[in-house]
Amino acid sequence: MDYQSILNEIIQEVTPFLKDGKVADYIPALENVDPEQFAMSITMFDGTQFTVGQADTLFSIQSISKVFTFTLALKFYRSNLYKRIGHEPSGNPFNSLVQLEYEHGKPRNPFINAGAINVTDALINYYGGSDIAYKEVLNFIRSISNNDLITCNEVVATSEMEHGYRNMALANLMKSFNNLDNEVSDVVQMYFKHCSVEMSTNMLSRAMLYLANHGTDPITDKIYIRESQAKRINAVMLTCGHYDASGDFAYHVGLPGKSGVGGGIVAVVPKLMGISVWAPGLNANGNSLVGTMALKLFTSKTGLSIF
Amino acid sequence: MDYQSILNEIIQEVTPFLKDGKVADYIPALENVDPEQFAMSITMFDGTQFTVGQADTLFSIQSISKVFTFTLALKFYRSNLYKRIGHEPSGNPFNSLVQLEYEHGKPRNPFINAGAINVTDALINYYGGSDIAYKEVLNFIRSISNNDLITCNEVVATSEMEHGYRNMALANLMKSFNNLDNEVSDVVQMYFKHCSVEMSTNMLSRAMLYLANHGTDPITDKIYIRESQAKRINAVMLTCGHYDASGDFAYHVGLPGKSGVGGGIVAVVPKLMGISVWAPGLNANGNSLVGTMALKLFTSKTGLSIF
Amino acid sequence: MDYQSILNEIIQEVTPFLKDGKVADYIPALENVDPEQFAMSITMFDGTQFTVGQADTLFSIQSISKVFTFTLALKFYRSNLYKRIGHEPSGNPFNSLVQLEYEHGKPRNPFINAGAINVTDALINYYGGSDIAYKEVLNFIRSISNNDLITCNEVVATSEMEHGYRNMALANLMKSFNNLDNEVSDVVQMYFKHCSVEMSTNMLSRAMLYLANHGTDPITDKIYIRESQAKRINAVMLTCGHYDASGDFAYHVGLPGKSGVGGGIVAVVPKLMGISVWAPGLNANGNSLVGTMALKLFTSKTGLSIF
Amino acid sequence: MDYQSILNEIIQEVTPFLKDGKVADYIPALENVDPEQFAMSITMFDGTQFTVGQADTLFSIQSISKVFTFTLALKFYRSNLYKRIGHEPSGNPFNSLVQLEYEHGKPRNPFINAGAINVTDALINYYGGSDIAYKEVLNFIRSISNNDLITCNEVVATSEMEHGYRNMALANLMKSFNNLDNEVSDVVQMYFKHCSVEMSTNMLSRAMLYLANHGTDPITDKIYIRESQAKRINAVMLTCGHYDASGDFAYHVGLPGKSGVGGGIVAVVPKLMGISVWAPGLNANGNSLVGTMALKLFTSKTGLSIF
């Protein structure tokens, strides 16, 4: 298929809508991003990339990082992870405390904020400290991206921490239910650090290859996780990857994916490719408005879908 | 792959667990079903069937009927259907009124009870009456099953109606929000009638072929719905097909599927086969305990998965 | 105290606000009421009445009837009543199903709709039928009002029934939890009949004397209920009498009271008087806007309060 | 009335039940309290006291302190206070985050934890710092108790802080909604300090006189707050003073009151007396089991009630 032409069509079709989204404004570092940016990248199993727009521009990956921390936690804790975190869609906004209280501090899944904070806590346990844990998460991201320059934007991380009351509330609530082992501020700080990692769509589409290829990097042959684990991560992306618009994403796009409030989205076509798209303006559910639109166009035009 | 051997293995492995499930006991007609029954059937695109257990025994399809009514409603109303019903996982039990009240009478998806009742209402509108609508639903089920003997068990339907207060509550609540057009009792009565249709796993696995094959029956070449619609139905089965255990089913089985409180489950492997399993004992979420187990074993043993 | 002068002041002060309320519009019979009407009546223990405005005009008492049905149910069932209905403020709108589902079909208190429907069911049990039960409720209202002409407006009752889907939903939900003994439609029909009783503020302020005087009519000396029961009914009026604005009413008015969606409010000053006010326009919580205002003025001006 | 004899009867009747309550066990300092203690005190407007049991034993007043901080906040901010805190019963447990999230960080009333934390924040604003604010709250408590030795138990305060994750969650959630001005940890620390004040039932029954006497201490004639404010505080105690058992307390006791998790309860009979009772064992709602029982007996035996 002529993916390059398809990407070229997509950027034409979505550009008029770039002004419609609303950039995340809860911290200054995100608020000041120019909303009229767009990028989309595809990475094939042989490393070939098709790209359009500002595919080398770095942006804050935010909740996309939850895919990477979940990968590590699942790798280390396997089914034991599910003593502390479920794998069900929540049916609620990403930062809601309601369900967390009703369900006694056990987050529904690793892709809502409470769940990702809990995964971070598990990784701090595993590595024996938040500094080393953060370093290892970053190493993992660099490894799957085959790029040692990837790093976190400390200004964003600090700013997140200064405005992170909602996440502090989630972490304290889990702690009150004995479902958080480390100091609340340590866990939330590390959580914000890996949310503040900056990558481009080129990097992210390449980073997703291990999930598209059932746990093994198709270029380096490095085995990151087992086949069954990779499939399960894809399943959780499909059912929970877009907060309370996950069903809509499955319905209209039909691929496992995960969005971030920085406007990025990653997705995989199993056994074929990694995808990433970026447009900073968000829709009402906190997912990239034009990014979602671009992915819908992509699967419509290509017929690619897991269904 | 030697599917027959795999089915033979599965029945061996699951038989000891048949006594652990709890048969639905809210109506006498279901309560008296012998829990120690099991059947599993696969139908390939050329019509070949692999079966094990009581694969010709009829049982109440219950919520599996929601797949068929949703198919017809989506075919007739297309995206207009989404003015009255969403397509998001609910994160709540199948018969909960909580979310329905908070969301002003619009059901989250067509596979929870409120959603299926609403779909029924839409079909009564389309066909111009509940008798003709029921007849057309039954004709559709007979057509996709290639079997004109399929019918509803009137005793079950009547008994459901006599104990259907929860569903009457859901229908009245939607009606109070002006999201139900016909008489509450008419709609609920028709809803219970198609829930009371009786089929075997052999019939159901064959009936799912149109969804496995993107809308077209691979044996008769009859086109029931468009490719994009079939994919969307599969997407909704994946995200919403097992109530508040949908994430778990996606996670462990990895196929679009739908369960019924009669103990049946249907699933599809896109472009390959239709599947049905039956074991009357349910787990805490109201899905067949051993049926779910059998499907987990099936995808583990075969490696089949959409992820 | 010169109550007549105080009432005269109040009507002056509230008249400009009569246009601000919103008349209940869920049924035609209520929608067509002229919003610019006002009446207020006080009845002392010796029968003296002070009145202002259209104090003889009949209006639909609606939820004020819940005080009377609760009185009878408490009299007959005493503490056994609390197996089916609580006496806690709900913190939720009067017709919400959310809490009723979470609390397994047991209504929080007898003054929200679910609770009053449940009380009605208990009275049908006690009297052995809904016709006789309704007749006895009406007799009780006539007796405490010392007025045999009081009756229900059948047009309103029928219209309520035709639009009563929300209450049908509540009744069906309770029935599904086995907390309703009689036929749903019978119970709801009787509920609507006593809601549709018509009275004036003169009648209602007189009818409240038995509660102001701890169970005994101070004029006829007729003993309706025990002293402890009367105090408890007053307590429930104070904590639950104005739906989710009950705290505000206690805070600003400081008297036990009960409102109805027809714009009426009743209140008592223990050991002193019965009060009723009427103004059809409602505030956002479904209580009479100007009626509430008038009662605030009344307790400010007189210093009367139970606190 | 012979109050002393009544108190003597009460202690006889309740003693067998002292073993049935469950002492608060969320911090060691409270967990180790001997559950088989009981005290009850009445203070009349002339200063006469009637007491029974260990009426001079100090205990942790806990949430009873909310009455005192609310008094000060209402005095200083008057109706402006209601921009940040409501005065409605919550219908939910005292430490729930659910309603706080649905209602955008505005607590239902000043007597649930979120509300009292918010009141504390308002007092820190008013006094210009948490140290001075705490000192002034303590001075107020000493003044209304006419006892300068009252102080806080620092061990309890520190222990509360170490286990106060739920309250930290509430404070962070309010902060995320911009309904908390000061640093979360400062506010929660001061909140725990005034919760850890220790008093006896003799002290507390005397301290309540200003509320029984409409804002003015009947012994010293000192005016603390206006009459209308005192009545309103009593109203909030009645509707919200016992968390989600407030309706039950109004129903069975019939007096404005406030409980604390240390096992203390205060109540007032307007224009007559202040009351305090103490028994450390709690019921399921977190109120003193035997304390509530003793107050029910007291109003049954004396006929005192605001209704």
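All chains are identified by letter, namely A, B, C and D, in their written order; residue positions are counted from 1 within each chain.
Criterion: contacts are C-beta pairs under 8 Å (C-beta built on N, C-alpha and C of every residue); 3 or more make two chains touch, one makes a residue touch a chain.
Owing to the predicted nature of the structure, the values given are computational and were not obtained by experimental measurement.
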item	value
Chains in simultaneous contact with chain A and chain D	none
Smallest count of steps, each to a touching chain, taking chain B to chain D	2
Interface residue identity across copies chain A, chain B - same or different by half	same
Whole-Å gap separating chain B and chain C, where each centre is the average of the chain's CA atoms	47
Centroid distance [mean C-alpha coordinates] between chain C and chain A, Å	55
Centre-to-centre distance between chain D and chain C (centres being mean Cα positions), rounded to whole Å	32
Set of chain C residues in contact with two or more other chains	none
Chain-level touch network, classified as line, ring, star, complete or other	ring
Pairwise chain contacts under the document criterion	A-B, A-D, B-C, C-D
Complex contacts: residues of chain B adjacent to chain C	96-98, 101-102, 165-166, 168-170, 172-173, 175-176, 184
Sites on chain D touched by chain C in the complex	86-92, 99, 108-109, 228, 230-232, 234-236, 238-240, 244-248, 250-252, 254, 256, 270, 300, 305-307
